[in-house]
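Both complexes shown next keep chain A, but they swap its partner, so chain B is in the first and chain C is in the second.
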Partner chain A sequence: MALWRNLALVAGLVVLVLAPFTQATYGTYVLCSWLIFAIAAMGLNLTLGYAGQISLAQASFMGIGAYTTALMTMAGIHWIFSVFAGMGLCFVVGLVLGYPALRVQHHFLAFITLAFATLAFLVMRNEDWLTGGVYGLVGIPRPDFGPISTMSQRSYYYFTLVVFLFAFAGFRWIVRSPWGRAFKALRENPIRANSLGVDTRLITLLAFAIGAAYGGLSGSLMAPLVQYIDPMSFTLIISLKILLMVVVGGSGYLFGPLLGAGLVIMLPEFLRFAESYYLMIYAGLVVILMVYCPTGLIGLIDKTAAAFKAKRVARGDLGQGAQL
Partner chain B sequence: MTAEAPVLDVRNISKSFGGIKAVDDVSFTVNRGEILGLIGPNGSGKSTLFNCILGQSRPDKGKVEVNGKPVLGMRPCDLSKRLGVARTFQMLQVFPQMTVLDNIILAGQEHSGTMLGRLMGASDAGLTESADRLIAFFRLGHLRDELAGSLSYGQQKLLDAAMAFMAGPQLVLLDEPAGGVNLTMLEHLKDRLSTYNRENGSTFVVIEHNMEFVMSLCTRILVLANGAIIAEGSPEEVRANPIVIEAYLGS
Partner chain C sequence: MSEFMQVLISGLATGSIYALAAIGFTLLWQASQTINFAQGEFVMLQAFFVLIGMHVLGLALLPAIALALVVSVVLLGMVFKRVIIQPMLPHGVLPIVMATIGLAILMREMVKEFYSAEAQPFPSMFSESTFNVLGATVSYQDVGNLIVSAIAIVALQLFLGRTRTGRCMQATAQNPAVAEILGVNIQRMVLYTFMINAALATIASVLISPIYLAKFSIGEPIGLVAFLAAIVGGFNQVRGALAGGLLIGVIDNMSAAYLSSEYRIAGPMILLIVIILLRPQGLLGTSEGRTV
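After this line comes the complex of A and B, so read on.
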């Protein structure tokens, strides 16, 4: 099993490295957005998939990262500083947004994060002096690293890929550390986790803060890619799209967001032939997937693998309120 | 012997829910190394008493000390880390989507090192080894890598109890550990508790309806009815006490 896994990883990496050679500029741009949204989805996967805290504000954190990077790089500061500033800001704001989660859960929490998303949108739209209002910010430069420029679409793709790989490695490290176990324990049973010494308050806040920082990172990559940002890029619809990526990919799985972002970003491209029907087909496919495989694409792969190798799953009859 | 402060000192604890007095002015102490049984009919307030002691809910009045330190208002996680108090719950409380091994490791990981060290440092630090010992002791070895949620009820109950021991606690409060556990395993559990008690000098409070289990395990028994203590004494005394027989054991 481990051998197959490693082979698949290497193959995946090769595909990621070679992919732009099969694509023209636009295709490379789509690949870039895939990796960038995968980072945002990774963050939400930590908050929602691992720690079980719903958030409808991931795009707002992308916005915070994107505006921070835009403003700083347009002022002549190097991208690399702007990314730390953006992520730091998101971390702090995420921490604050985590506080309501200490009191409320589920749909109540969803509404609170929704309110935050609206607030963030209003700030981006109304504070013209800082954000350029509805017109947004134009002419965001792409970073140079010594002699290496990221002006071409392909070089920007490789730049994004490197950042993505760092982000992914960091994410993997976090979820495999004791923190990852504590996040899962928070999701599964906060009261027991707390009685076993897990500081559930701190872990909840961290789940929001780290997830938000990933959102910020993704925004910091998005701004130089499109070179133009406005508030409409960071609305609730985009947050829901990121949520869809997490759920469709497989919430709580390491590779879930990567697959989910791929599907959500790429599928519309493949459905172009259907023209005006593409959204309907797209929505239909998502519904079918969710009904037949609520654990997402990763769950689908797991199920297929389980057909070859017996695997035990959690039973449903011992939970509270079970009806078997 | 000098008068050592009791490990657990509960004084005048009361807790009401609406009109129901779940716990009514309960006081008792538990000394180091004791295994105290807490029995009483359904709804007599045993679990509520545990919740009040351990910070899951706040009593209306009274105070609780562990090793001479007041604990009311302390968060359960601090109680567990700083004062070495562990508990199990009456309802199954395992982490169903985590493996048996991960369940056990989680129960110990927060008890050493720093928060940052748990992210940056070696992620294991001997935890797997001690978890494996505990798993072997509770005869869960063949289930080590299964999801906790896929185990049978009795197996989950054992895992639940095992988790309370991972951090080497000073004081363990067990809420019906024997429910659904078969006879051989019950003997094993009893043996585990008394061995642990003998070797580490740790203290237990055990809520249990299985009289055989309580009477043979505990050194002293407290009987609760309608939220108040109605009797206290050695297993023999309690068994012979007419008040207890009338209120609880039946004729």
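After this line comes the complex of A and C, so read on.
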């Protein structure tokens, strides 16, 4: 089983490395934005899927990261410093945004983060002296590392891929560490987690802060890719799109957001033939998927696989105990 | 002072319409823990049902409104509950949130594609003329809107408090398990709640569309304001949603008139954050308590 899994991982990596050779500039751009949104969705997956804290502000963190990177690199500072600054800023803002989560849950938290997303958008749009207002910032340079330049779309893709792999490895390490298990404990039953010695305050705040830092990282990659940012790229709709990636892919699964981001980014390209109807088809598909398979695509795969597997039948009287 | 009165009265008038949408929202939450992210689009869509009744079927305004009411109760009440919400109920809040967001986009795009992307003028039931009270200029439209929403809300309160069905609905909202043991058909009561929500959305739509015009994108701000009103007032109280709607309407108008229009929506948002942090149950709500 482990062998097959490793083989599948290697095969996936090979596909990711070879993918741009089958694509022209635009296709490579789409692949880049897939990886970038996958990073943002990964962060939200930690907050939502693992720790169970809903957040509708992931795009705002992308915005914070993107504006930080844009302002710093345009001032001549190297990208590598700006990305740490952006992630650090997001981490702190995420920590602050996590405080309401200590008091309120579920839909209240959704609306607090929604209010935060709206306020962040207003600041980006109205503070012309810093963010360029509705016109945004133009001419963000792409980073270069010594002799390696990322000016061509293909080299930028490989640059994104390397950052993505680091982010993914970090994420995998986090969720498999005792911390990751604490996040899951928080999602399953906060009071029980607390009684077992998990510091639920700290873990809740960290879930927000780390998720936000991933959002900041993806924003830092987005700004040099498009070389132009404006407030419209970080509205509530984009936050909902990232949320969609997590839920459609399967929240709480390691590979869920990857799959979800791929679907959400690629599907519009495949539905191009439908022209103006594509958004309708897309929204319809989301509704149907949620109605028939609320656990998302990975859940669907798991369900199908489980149907073919022999399984152990649990003793009926243990059913109650498992819920405690 | 007269300007203040003017802003206050028009704020109350729009606030009362927001309250209608917010009340439907809290009813759905109480009855079935459904957060309907398409609430604003429900309001938006009704205006187009009326417009189709008038321009395609050639009806007068009132019969067109009646037709829209019936269509919306069936489509956005019964079908919405049976086909979309019911299968997702056992899986918690998140899939419902995503599905209703998808539904909102679907409705918006369908109106844009099949009716028009332009803002449509919408006939008002009241005259546009104005009169003076204490130096403030007040339009009949504002007063009419206030009266109609007040009648709708009072009727709803009487129905919920004084009739057998209304009491059964309240019982379902408070404790479905016990209500079922006592012989209440809870699925039917939840269905009624969805139908009432659709009817309230129709009334809100008919009142607000003459002011903001009927446009596919109007649902998003209306939905947002309805959420705000519901949260601010208290998620589990009809009274709370009413108070929240009026408060948000007034604050929105005041901050547009006296603060910068760029940060207009920021006023209600900051109010929202403060209220959630200080009184999570809302101004008039009661605490729901946490269970293990």
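Operating definition for what follows: the second predicted complex is superposed on the first by the 309 of 324 C-alpha atoms of A that agree within 3 Å, B and C clash if a C-alpha of one lies under 4 Å from a C-alpha of the other, contacts with A are read in each partner's own complex, and residues count from 1 in each chain.
Keep in mind that, in the parts below, a contact is a pair of C-beta atoms (placed from the backbone, for glycine too) under 8 Å apart; a residue touches a chain by one contact, two chains touch by 3 or more.
Keep in mind it's a predicted model, so treat the numbers as computed, not measured.
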Touched partner set for A:Leu16, first chain B, second chain C, both or neither: neither
First (chain B), second (chain C), both or neither touched by A:Arg192: both
Partner chain(s) touched by A:Arg181 [first = chain B, second = chain C, both, neither]: first
Touching partner for A:Ala283 - first (chain B), second (chain C), both, neither: second
Chain B versus chain C as contact partner of A:Leu221, first or second or both or neither: neither
Touching partner for A:Thr200 - first (chain B), second (chain C), both, neither: first
First, second, both or neither for A:Val104, with chain B first and chain C second: second
Superposition-derived comparison: chain B or chain C, residues of chain A touched: C
Partner chain(s) touched by A:Ile112 [first = chain B, second = chain C, both, neither]: second
On chain A, positions contacted by chain B and by chain C: 189, 191-192
Chain A - residues contacting chain B, complex: 174, 176-179, 181-182, 184-185, 187-189, 191-202, 252, 312-315, 318-320
In the complex, chain B residues that touch chain A: 54, 56, 75-77, 80-81, 86-87, 89, 91-98, 102, 105-107, 109-111, 115, 118-119, 123, 146-150, 153, 156, 163, 166-167
Contacting residues of chain A [partner chain C, same complex]: 48, 54, 100, 103-108, 110-112, 114-116, 118-119, 122, 125-126, 189, 191-192, 240, 243-244, 247-248, 251, 276-277, 279-280, 282-287, 290-292, 294-295
Interface residues, chain C side, partner chain A - complex: 29, 35, 83-84, 87-88, 91-99, 101-106, 109-110, 113, 224, 227-228, 231, 235, 262-263, 265-266, 269-270, 272-273, 276-277, 280, 290, 292
